[in-house]
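To keep things clear, I will list the structure first and then write my remarks on it.
In this document, chain identifiers A, B and C correspond to the written order of the chains, with residue numbering beginning at 1 in each.
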Amino acid sequence: MSLLEIENITLRFGGLVAVDNVSLTVNEGEVFALVGPNGAGKSTIFNLISRFYDPAEGRIRFDGNDLLARTADQVPSFGIARTFQNIELFEQATVLQNLLVGRHRHRKTGMLSNIIFSPKAYSEELRHRAAVEEVIEFLNLQPYRDKYIGGLPYGVRKVVELGRALASEPKLLLLDEPASGLSVEETQDMAFWIEDIQTQMGVSVMMVEHDMGLVSAVSNRVMALSDGKELATGTAAEVQSHPAVIEAYLGTSEISKTGTSRT
Amino acid sequence: MRFVFKTSYDADIQLFKHRAQAVWYGLLLLLVLATPLYFAAIGDAYLLGEITGVLILAIAGMGLMLLTGHTGLPSLGHATFMALGCYLNINFLGAGVPWLIAFPLSGLIAGALGTMIALPVLRLHGVYLALATLAMSMLTSDFVVMAEPWTGGIAGAAVPDINIFGVEVNRYSTPYKFYYLVLFVAILLVWFYRNLLRTPTGRSFTAVRDSEISARAMGINLTRTKAMSFFLSATAAGLAGALFGHSAGYVTNETFDLVMSITLLLMIVIGGLGFIHGAFFGAIVVGIIPVAIANGRSFLATTFDVNINVPGLESALFAFILICFILFEPMGLYGRWLKIRTYFELFPFYRKDMFKRQKSYLKTDRVQ
Amino acid sequence: MDFLQLIISGLANGCVYGLIALGFVLIYKATEAVNFAQGDFMMLGAFVCIGFTNHEYMGLDFWVAVPLSILVMGVFGYLFNWGILRHMFGQSQTSIVILTIAMGFIIRFFAGFFWSHEPTSLETPFAGQDIRSGGLVLGIDEVMIVVVTAILTLLFYLFFSRSRIGLAMQAASQNQLAAYYMGIPVKRIHSLVWGLSGMVAAVAGILFASKGAIDPSTGLLGIKAFAAAAIGGFGSLPGALLGGLIIGLVEPLASRYGPPGVSQIAPYAILLLILIFRPGGIFSQTQRKKV
C-alpha cells in the first residue's frame, strides 16, 4: 500500500532546476531514505511535501489526498510531521510546551472554550498531556521536561524535535538529517528509535541522511539523488554499488565533486 | 530548594505550581481586596484612584503583552484601540444601553475593528505591522476630530457614570466601588489569560512568535492565529480604554495619543516581555515614575532652589529607562525577580548563565 | 503659474522626505534594523547646524557649519550603533524597533533642552532670495533643496557602485554571514552605514531648516518618510527618493484641491493603503527575501 506518491515533480529556482522530474512512492510501514551530495534536492523534496514550495510540475498525493491543493498548515492534518535540518524549535518555551504544540492538529476546542477553560478544554488538555508524556517516556526526555530549549545541548534538541513530530501521531514522519551533528552513541539511539517508530508505532518514515551507516541500518529502500535527478532506487546495498551513485560521490569525471559529501 | 513531585497531569495544568504558591497569591488577593479599607480608614482616597489607574494600565498592558510578548507582533497603536473602546462605551451609554452590556460590547467591537484594520498587514513581517500601527496612532487624533458627532472632537466628551442595577459607580464620588470594579475586570482578564496560555490557542501564539516555519509545519495557520491574538489584544485594550474613560471622566482628541501607545509598549518591556506579571510590574513603574519626577522636582526646588521644568522630561526618562532595560535586562523586572528568586532557591548553586539565551546570527524567516 | 509653484514647493518637501527615507532604507538594507528615530536624526541634524550657524548660538560661517554638522551627525550615527545597537545583536527585531523609538524621545528631549521648543529657522546666506523668470517666483532655498538632493543621489550611486566601502556595504547587506567569511568586518560596516545615514539625515535637516522653521517635534515627520520608503518597497534607494517626491507632491495638492484636513491625513493614509494593497511597494521588486 503506498502512502505517499510523488509523480514527476519539478521545481525551478530561476534558472536552477532544484528538483528535476522526480517520482517516488513511500509505502505504508517502510523507512525510505533519500541520499545524495549536498544540493542534490533532498531537503527541497521535503519542503515540497510540506508545501513550503510550489512545484512547477508534477503531483503529490498522500493517503488518497492531493497535497498540492492544500496549504502548508493543512498538510499536518493528514498525518505528516517533520523535523528540520537546522532545528526549528520554539526556543523560548520548555520541552513539554514544544511537544504540546506538536499536538496542535488534534485540538478540538476553540479559542472561546480555551479562554474560559471549559470542562471540554480541560479533558482535552488531559489527553494531550497523556500523549506527550508517552513520547517523553519513549525518547527518555524526562530530565529535560521543564527545561527551556535555549539552554539545551544540540543532541537533545534534535531528540526534542523528533519528539514534537511524534507527538502529532503522524502516519508519515519526515526526518531531515536526524543524525547530523550527533555523536556516535546519539546516532545509535536515533537508529533504535527510528526502528521502534517503524515497527512498534507503525509509522512510515522518510528521511534525508548523509550517514550511510544509519541509512543502511534502518531503511528498507533508498533513493539516491544528484543535481535534482534520481540516480538509483533500491536497497541500501544496491544503491551504494550503483555505478551512477559512485560516480556522483567520487566523481570519475569531475574531481571537484569529491568534497561535496560527508559519509 | 523545593522539589515538585508531579503525580498527575493536573500538576502541569493547574494555575499554581504548588501549595505555597497558591498561598502567596491568596495573600496577594487578600491584600488588594483589603487596600480600600486602609484608605477608608485614613479618609483620603486620592492614592486609591492612582492605584485604580495602574490597574487600568495593566489591563491595557495585558492586551499588548499578549500581542507583543506572546505572539511576537509589535504594535505602536494600542492607544487607538483604547480610544475606540472608550468612545464606543460613551456612545452606547449615551444611547441608554446598560453598562453591563455596553462595556463588554465596546471591547469586542474595538477588537473586531482593530483586527479588520490589521488583518491585511498581519500577513507581512512584524516591522510592517509596527509601521501600520504607528501610522494609525498618528491618525487617531484627526479621526476623533473628524468624528465629532460621536466624539465631541476637540471640545471633548464627558463620560457618563457607570450604573449596575441601580448602583452608581463614579471615580470621585464612589472611589471604592470603582476600584473593586476595575480589580474584578483585571482579575477576570488574568484568569482568561492564564487559561489561554495553558491550552492549545495560547501555545499556538508562542509557537508563531518563536518560529513561523515550525508553527506552519505543526499545522498552525499563521494569519488566523495572528488575527486571533490581535483580536484578543485589541479587545483588552478597548476594555481598558472604556475604563480609562470612566477614570478620566472627560476625554478629548489628545487623550489617546502616540505617547500613550509608546507608554504601553514601554510598560511591557520594562515589566518583562512574555510574562503576565510583566504587565502589572510595568504598570506600577509607569504609575510611579511621574510621581517620583514630581517629588524630585519639588525637592530640588525647595532645597536647592533649582527649578527644572523641561517639557518632555518625563517621556525622555521613560525612554532612557526603556533603553537600559532592553540593553541590560531584556527579561524585564519580572525576569530580574525570577533570577533573584532562583538565586536564593538554588543557593549556592546558581550560575550566572542560567537564564542566558544563545545569540544567533540574524534570523530571517527563511525556509531551510 | 500658481500650480507650478505648488509643484516646486511640493518637490522641495518631497526631497526632504526622500532623504529621510533614504537614510532609513540604507540602514534597513544593510542591517535589517528599522530606525524609527530617523526623523529625529534629521531634526537633530538641523538643530546642530542651527547651533553652529545662528548668531544667538555660535554664529559660525554657514559654509563652515554645514560640513561640520554633517560630520557631527555622522559620528553620532556611528556611535549610536557602536555604543548601543551593536549590543542588541541577536535580539528580536521588536526590541530594536522599541529601542529606536525610545531613542527618538530622548533626542527630542535634548533638542528641546538645548535649543528650546520654539520653531527656529536656520540663518542661511540665501534666505529670502528668489529666482524670477517669466512671472515664476522660486525661492532659492527650494531650488537649492532639489539641486542638493540630485547631487547627493549621484554621489550615493557612485559610492555604492565604485568605492570599496560601498561595495562591502552592499555585500554585507545581501548576506551577513557570507560577507563576514569573506573578511568584511560586518559590525564595523554596520556602524559605518549608521554614520552614513546620520550624515544623510543632517543634510535633510539642514535643507528642511533653511526652508522653514523647525522644532523638536518635527522629528515625527519621519513617519511621512516611512510612507515614502514603503512606496519604494523598503529595499530600494531610488524608490525611497521617488516615494518621498510622491508624498511631497500629494500634500500640497490635497490641501489645495481636497476637503479640509485631508492633507494632514494623506501621507499616513497612503502608507496604510500601500501596506495593505501593495506591501512590496509600488515598484515592487522581490516579495520574499532570502528564501
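Just so we're on the same page, a residue touches a chain if its C-beta (ideal position, glycine included) is under 8 Å from a C-beta of that chain, and two chains touch if they have at least 3 such contacts.
For clarity, every value in this text was computed on a predicted model and none was experimentally measured.
Contacts between chains trace an open chain of neighbours here, each touching only the next in line. Averaging Cα coordinates per chain and for the whole protein, the chain whose average falls nearest the overall one is B.
Mean C-alpha position of chain A lies 40 Å from that of chain B.
In whole angstrom, the spacing between the mean C-alpha positions of chain B and chain C is 33. Taking the mean of the C-alpha atoms as each chain's centre, chain A and chain C sit 47 Å apart.
Residues of chain B in contact with two or more other chains: 357-358, 367. Residues of chain C touching chain B in their complex: 32, 34, 36, 84, 87-95, 97-99, 101-106, 108-110, 112-113, 117, 176-177, 216, 220, 223, 226-227, 230, 261, 264-265, 268-269, 271-272, 275-277, 279, 289-291.
Residues 43, 47, 50, 52-53, 71-77, 81-82, 84-86, 88-93, 96-97, 100-105, 107, 109-111, 114-117, 121-122, 125-126, 128-130, 133, 150-151, 164, 168, 176 of chain A are the ones touching chain B in the complex.
Residues of chain B touching chain C in their complex: 68, 72-74, 76, 120-121, 123-124, 126-128, 130-132, 134-136, 138-139, 142, 145-146, 258, 262, 265-266, 269, 310-313, 315-316, 318-320, 322-323, 326-327, 330, 357-362, 364, 366-367. Note for the complex: chain B touches chain A at residues 9-10, 12-13, 192, 195-196, 198-204, 206-207, 209-211, 213-222, 228, 232, 274, 354, 356-358, 367-368.
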